[in-house]
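The same chain A turns up in both complexes below, where it pairs with chain B and then with chain C.
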Partner chain A sequence: GPLSERRLMDVKLGELPAWLATCDVSPQGLLAGVRKAWGSYYDKYINVKRGGPAGISMLLAGYCLLSYGWNYQHISKISFLGSV
Partner chain B sequence: MNLSFFDQFTSPCLMGIPLTLISLMFPPLLFPSPKNRWLTNRLSTLQSWLLHLITKQLMTPLNQKGHKWALILTSLMMLLLTINLLGLLPYTFTPTTQLSMNMALAFPLWLATLLTGLRNQPSASLGHLLPEGTPTPLIPALILIETISLLIRPLALGVRLTANLTAGHLLIQLISTATIALLPIIPSISILTTMILLLLTILEVAVAMIQAYVFVLLLSLYLQENI
Partner chain C sequence: VFHTTRPLHTTQQCLAPLPPLPEKGGEVRYGLIPEEFFQFFYPKTGVTGPYMFGTGLLLYFLSKEIYVINHETVAAACILSVIIYGVKKYGSDVAAFADKLNEEKVAKALAVKNDAIKDLEAAIEQEKKEQWRVEGRSYLFDAKRSNIAMLLETNYRERLLTVYNEVKKRLDYQVAMQNLKRQKEQDHMIQWVEKSVVQSITPQQQKESIAKCILDLKALSKSAQAAV
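Take a look at the complex of A and B:
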């Protein structure tokens, strides 16, 4: 179909900048995008018949990584432990 | 730059933008809202079970008028529980280690219970300042003591939560630093410290849940006296 209506996974690598240009980057558009992403993650990994700890664990692991990234500048300055 | 053990409690900041709001708003996102289905997924079922347990536990001692507080007390409980437990993951920031946040939660809610009591049943709520059966000569002193005890409640609520969580996080950081520092020197002592660290982590999980429960329970107790 037309470029603007394809999902991210269906866009070829060469078409990526063009696809990004068609995105809606207003606050409502970004919020709708975040909501859609959360909805697809939720439906794929958590909202299943026999779910387990995996769905939430991936989310929490991602949160840990994000927090590490946020604190990196601070952690990297600790001198006595070698490298981080 | 010298390492200070209190550095883990600084509010997260990315290139000058404070991220406190994001870290405060992340825990509520972990709770999926119940859809219009009879059989939901396991996470929603667990969540509903937990919510029923908490609401029943908090609302049983309260009278009919107190049930208006069900929503705020239960959501406060879920928020504190999630924030405390998420803070035990590595590299995360716990908003409840900040005294400002806990006082912002404790003070308005305590004041609301106090004003509810003073507005609706002033003599009964002031009557709580004097326990039944006190000997007459002790009455003035006891009223003074009970008033101070009443006024110190919000401070106690906030500081209790802050101190417990801050102390726990500090202990974990100290002991893990000791473990890593001892590893090249005396590995056996390092293993001992690792055992202590494991036990401490279990304790911290328990403390996280208990402190959230105690906070909300005390608020519901203050409500029972005044409503």
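Take a look at the complex of A and C:
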């Protein structure tokens, strides 16, 4: 189908810049994109009859990685002579 | 946190009732990595591909000190082991409890629906009964009509009786009046005749009649004595 309506997984590597260009990067567009992403994640892993730990554990793992990334600068400067 | 559910009313045909929730969520391996990751690698590298990728990535991070090992690593390891032990031991109990809560909710909603259906069915029965009653309307009106006719008849006969009694009373009165008049005339005449007879008896006649009576009595007594 037309480029702008295909999902990311269906886009070929060469068409990636063109596909990115068709994205809607205004604040409303970004917000709509975030809402859609959360909605699809929620419907797939959390809003089910018999879910397991997977739904929130992935969120927590993502949070761990994100906070590690934010604090990387601080963590990498630890000097082993000064710490206990 | 956005709470968007499945989009409702987006297509022309509105899906009501809603389709039920999916039974299980998307498959996730080791609680962290979705199955799609493994499926993505399967065509090119088979089953061990993603594991090799993960191991290589981990060693790269460790060797390049992108992931530093410090006190936080030990803390993370302890916390993770405790969490995994807790989930493995009590997971099924928590799941059963949550299922029970869900079932109670569903049972309540179902009870409400069944009550509503029962009430409506009872109303339908009532309605049918009313319709059957309507058929009996003609009998009702016939009974009422005969009642009214009987009332009219009774009333008419009562009045007839009253009329008869009243007329009879008046006629009796007239008859009584006539009898009374006749009686009074008779009494008055008898008195008048007696009075005039008593008056007409002069003293002379009285003496003569008394003497005659004495003579008669003597004669009678004689004949009586003779008879005895």
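Criterion: the second predicted complex is superposed on the first by the 80 of 84 C-alpha atoms of A that agree within 3 Å, B and C clash if a C-alpha of one lies under 4 Å from a C-alpha of the other, contacts with A are read in each partner's own complex, and residues count from 1 in each chain.
We adopt the following convention: contacts are C-beta pairs under 8 Å (C-beta built on N, C-alpha and C of every residue); 3 or more make two chains touch, one makes a residue touch a chain.
This one's a predicted model, so the numbers in the text were calculated from it and none came from an experiment.
Enquirer: A:27 contacts which: chain B (first), chain C (second), both, neither?
Expert: Neither partner.
Enquirer: In the superposed arrangement, does A:44 touch chain B (first), chain C (second), both or neither?
Expert: After superposing on A, A:44 lies in contact with chain C but is clear of chain B.
Enquirer: Considering only touches as defined above, state whether A:70 meets chain B (first), chain C (second), both or neither.
Expert: first
Enquirer: For A:35 in the superposed arrangement: first (chain B), second (chain C), both or neither?
Expert: A:35 sits against chain C, while chain B stays out of touch.
Enquirer: In the superposed arrangement, which partner chain does A:58 touch: chain B (first), chain C (second), both, or neither?
Expert: second
Enquirer: In the superposed arrangement, does A:14 touch chain B (first), chain C (second), both or neither?
Expert: In the superposition, A:14 contacts neither chain B nor chain C.
Enquirer: What part of chain A is shared between its chain B contacts and its chain C contacts?
Expert: 38, 42, 46-52, 55, 68, 75, 78
Enquirer: For chain B, which residues are in contact with chain A within the complex?
Expert: For this pair, the touching residues of chain B are 1, 3, 7, 10, 12, 14, 19, 26, 29-30, 32, 40-43, 86, 89-93, 180.
Enquirer: Mind listing the chain A positions that touch chain C in their complex?
Expert: Residues in contact with chain C: 34-36, 38-39, 42-55, 57-58, 61, 68, 72, 75-76, 78, 83.
Enquirer: Give the list of chain A residues in touch with chain B in this complex.
Expert: The contact residues of chain A facing chain B are 38, 42, 46-52, 55-56, 59-60, 63-64, 67-68, 70-71, 74-75, 77-81.
Enquirer: In their complex, what parts of chain C are in touch with chain A?
Expert: Interface residues on the chain C side: 1-6, 20-26, 28, 31-32, 34, 65-68, 70-72, 87, 91, 95, 99, 102.
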